[in-house]
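Here come two complexes built around chain A, the first alongside chain B, the second alongside chain C.
And then the complex of A and B:
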């Protein structure tokens, strides 16, 4: 194109000054592209959030770590794991070693053997299954309760709001750990009304996990309830809600189709950060003998380790703690990055 | 013209607040005939939006309630309907568009999803067909490439386009009456003109009535057939648009028209109506306009003392006619198709104001700007 322009001007004038791009020629001769609007795929909100998230290397690292845990957790449902955690390879403790006594490289010895000679590696990996079950199902329970109560309180106001505020204020005034422990005892003991919660089928699927899940799930909804309530109070006065009502929608559709999707950012962040708490409380419950007793979980490994440490056996405690630490760290940072990525103020072009 | 499509009969709306009961709408009588555009004009705080919302019963009921009166729509009293029946009326028979297009759409759904929601709610068609209808309605409001736009999110559109989408949503179910609550106040002037032209085109096509709520007299002059002027919760003047601009009777209307700036006028200062709109919690007695009314002040200056009463506003104290300060005037017919609520209306002639800027319609240069398709750049002209 530069050639053309120079060709048309060369006979008459001295070359004009270069334009901003350093090209000589009359800029107005450049033909305007005809009606060619740049085509871009419409960027949906989730897509936008994902793109923003992806640019942050650390956030992606945390995401990958959590994804690995998830993957391992899902694999751990296979019968292979059930076998491996019970395989006794030696008489008793063995420190971490690269090779077995025969000289083969055995991955299962890399993290040592526990008191019964079982592979700490396999037990730690199995622990992700427990952690996965706990975090996901407890979150589902707690989030469901919190969201429903929060929405109802925020949208309808009045006496319903008052009751729900009273409810969550009461529950949150009790130290959560004590509440969870008390509820766990109730669910676990044979002659309390909570016995019905220990249904046999549930026991078969989840083991002692049911107690832990229910105890935590039924008590941890308070934070989310408060957040959702505040958000719904803001949202119910927004113009699009008024427009939806003017269009003839009833309260139900407005609440669940219009208001609820606008609170998902809170739910996602709460899920990420809540998981951290659940994993750690499970450790506490294990110390108290509540919760999972038959299958290995990280909490149980740490609980067993407290006596072992006196005898110089450090590997079980270290491994379990490390697994918890890395997961919680990744989830915490993920929660922060998600909060940044989902921040509505950083959205593209908006009012 | 047979029956009015919408008729407000002595509508009173009350709000219960800690400071007592306030009445943002009192004794409002209004009628809208099929195919007509009725403009409801007034300053901020005069009660026009509350009137519009109460037609659709969108006033939040705990603090607010319809105190008395009837809203007859096609012969049915809307106030007697249950909430369920009212939901059938909203959107289907009467639709409403709001002032702020930027926030009137749900940010987490696409435009298509939202229009389809309106369509499937009232027309009971399948989703696929609903998307077709949505695309057609986007095309009808002048949005280019409707199929692509259906998949876009609200934050990807400009204000003018969002308002067009709102209009498309409102019109997708073929309502008989469209209530437009200051539809162009939040938009720039050029877009304002396009949107209003679009509205009047659609109105003519569908023989739809429009209740246009605005504070802009220019908009009223260009688009309305009938004008109702509201002040402090009541209608003070009601007339056809040409009659109103030619012969405004009420002092408030005259003040409004005088304060419109004129091209080529040589006055140093903009004429204003002194004083401010009264607080609904503390309305003055009698005619609500009397503290600001020049007519009553002038009449009191030359009236005997027993017919006047002292009124104090802020710093000054001045006499006004006793009738104005004590009795609230009702709407009376002063000419054919012209009602005024003023007790002194017989004593003065209407002050005609000729405002050249309002007398001619906007000329649209169709060769340069095609209001049909928003977004066509001027380059298209040069390319020809």
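And then the complex of A and C:
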């Protein structure tokens, strides 16, 4: 199971720090039509990606959408939202309406009211906060585990490598959704879901989200770990690492200054595509009753609607689905564009 | 060749052990005591003790030294919870009062009845669409398929299931909203879940196979065949399709165990008493033996299928090195 992972890919792209020299110094590149010499000063790597990105209108649109979600998510941390999501405007369901009964234009009613007469609009916006929390924290957990294990396994090799390979082979042999569900079940069945959160403020923010975050974060590091391990194995024998070692650098600086920056593209792509999975799995967990219980998340709104829908109450499910759909669509496409823009094998090729 | 197969399976043993170990630790150390949940409000210590005995929670977790010492022999050492898990011996289901394995045997065929037709229809459609789309690369059909695939992958599955249930079941009344029946009458209830699952799975698979077909379609042998005057259609259906079958076959093997386990949300939502619904119910009922057995057994079968895939890949594709 491990052979195909080890540097099977023998692309000859130069490491990122050295490519400007590589291109200028090597005359054969002039013959290749696809490779262009840098016209003036060599562009920096992020700058180049940004330029490539900016030319693509669709990618920019997706970027703007994700940025709007981020903004709304950050705004929804304000206490105003905590109040608004529990305000009852009517006895029970009301379909979307432009005006309130007394004739004012009232945004709170634009997307209808839920079973307790609470504004679906506010609750959907509040869902952004939950989604933001889930995606960011889960990614941080998953990425840090994946990066650390991947780098250690790839760079040091030996028995550490064997143990880490065993660990990720085992974890990846369990279907991911099943593992997330099992972990969420196990954490949830403990009487105190936030058992490691002692602090009151942390409890207030993370309280209901802990199960979801832990279940996904502790299981989703496998793919990244495998990718980074493979990449590090390729990188560790490169000349620039040998040069760094010859200059007397220790393992720490080599790993974090020279090798880690060369794996950033993997991290960014994993993050953007991983976030899609987290938002979607939250819906599944909410359906199973393992998700967020005390706050309105998109998953809970859809789950609530499973009985409402047959009674003709369509707005809550539709709004929550639309929020998820737009975000996931933007993230999916952004992830694809990022992969194209960041993949070293596609560099210099104008697609 | 045989050396490769044997080695492959030997390498899997630590992973299988790892799966059992991991799930065991999860359920025995992190999860709450199922006996307490089972006893509910009427918990005198004696009753809880009786339940613990029934759920075999009174055995030692790892090795049973007490019994071994008492009986003056070595083998009772293995009479512990961990070795029970290793032998796939699980306590009875709390809710059904029935052996976990018998439960599986009853539920799995129901899931299979849904998943097998889905799988066949889906595979056929995915391949057909992928072949068509890849041979019309860059044309409107290609863009349309890609766009639809991305759209489909971005909508939560639950929403699609519910929308279909509402639209076809409640509005148009073409199919029953949910339910299940025995024997031939099940067909009536199977139609809608199958239809929805096929639609759901179409996007991702088509996209995946399109990439594979594209890799093949630009290969030299295709150009040669075309240059010799073979019809475009014939090249696609004989030369390209045959080479594409390698990843298709390997993908199929990985998917096979998942056919038995069914779809969690789908089965629960359409009230199909299958494997997936069993897991959902077991989670709701805190039926820990069933959840644990389900997770472990499914993972182990999945893992074996992965190995079988590797082996098949080596058999089918001579380019794979057997090192």
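As a convention for this text, the second predicted complex is superposed on the first by the 290 of 351 C-alpha atoms of A that agree within 3 Å, B and C clash if a C-alpha of one lies under 4 Å from a C-alpha of the other, contacts with A are read in each partner's own complex, and residues count from 1 in each chain.
Definition applied: a residue touches a chain if its C-beta (ideal position, glycine included) is under 8 Å from a C-beta of that chain, and two chains touch if they have at least 3 such contacts.
Quick caveat: nothing in here was measured; it's all calculated off a predicted structure.
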### Query
Which holds for A:178: it touches chain B only (first), chain C only (second), both, or neither?
second
### Query
Which chain makes contact with more of the residues of chain A, chain B or else chain C?
C
### Task
Scan A:249 for contacts with chain B and chain C and give back first, second, both or neither.
first
### Query
Touching A:77 in the superposition: chain B (first), chain C (second), both, neither?
neither
### Task
Please indicate which partner A:310 is in contact with in the superposed arrangement: first for chain B, second for chain C, both, or neither.
second
### Query
With the two structures laid over each other on chain A, which partner does A:170 touch: chain B (first), chain C (second), both, or neither?
second
### Query
Touch check for A:50: first (chain B), second (chain C), both, or neither?
neither
#### Entry: Partner chain(s) touched by A:239 [first = chain B, second = chain C, both, neither]
first
### Task
Determine, under the contact definition given at the top, whether A:333 touches first (chain B), second (chain C), both, or neither.
second
### Query
When the two structures are overlaid on chain A, which partner does A:280 contact: first (chain B), second (chain C), both, or neither?
second
#### Entry: Footprint overlap on chain A, comparing chain B with chain C
none
### Query
What part of chain C is in contact with chain A in the complex they form?
8, 11-12, 14-15, 18-19, 22-23, 26-27, 30-32, 37, 150-151, 153-159, 162, 165-166, 170, 177, 258, 264-265, 268-269, 279-280, 283-284, 286, 288, 291, 294-295, 298-299, 302-303, 306-307, 310, 321, 323
### Message
Considering only the defined contacts, which chain B positions touch chain A in the complex?
### Response
56, 58, 62, 83-84, 87-92, 95-96, 98, 100, 102-110, 117-118, 121-122, 148, 151-153, 155-156, 166, 169-170, 376-377, 379-380, 382-383
### Query
In their shared complex, at which residues does chain A touch chain B?
32, 34-35, 42-45, 158, 238-240, 242-250, 257-258, 261-262, 264, 347-351
### Query
Can you name the residues of chain A that touch chain C in the complex?
1, 3, 166-167, 169-171, 173-175, 177-179, 181-183, 185-187, 189-191, 276, 280, 283-284, 287-290, 299, 302-303, 305-306, 309-310, 314, 317, 320-321, 324-325, 328-329, 332-333
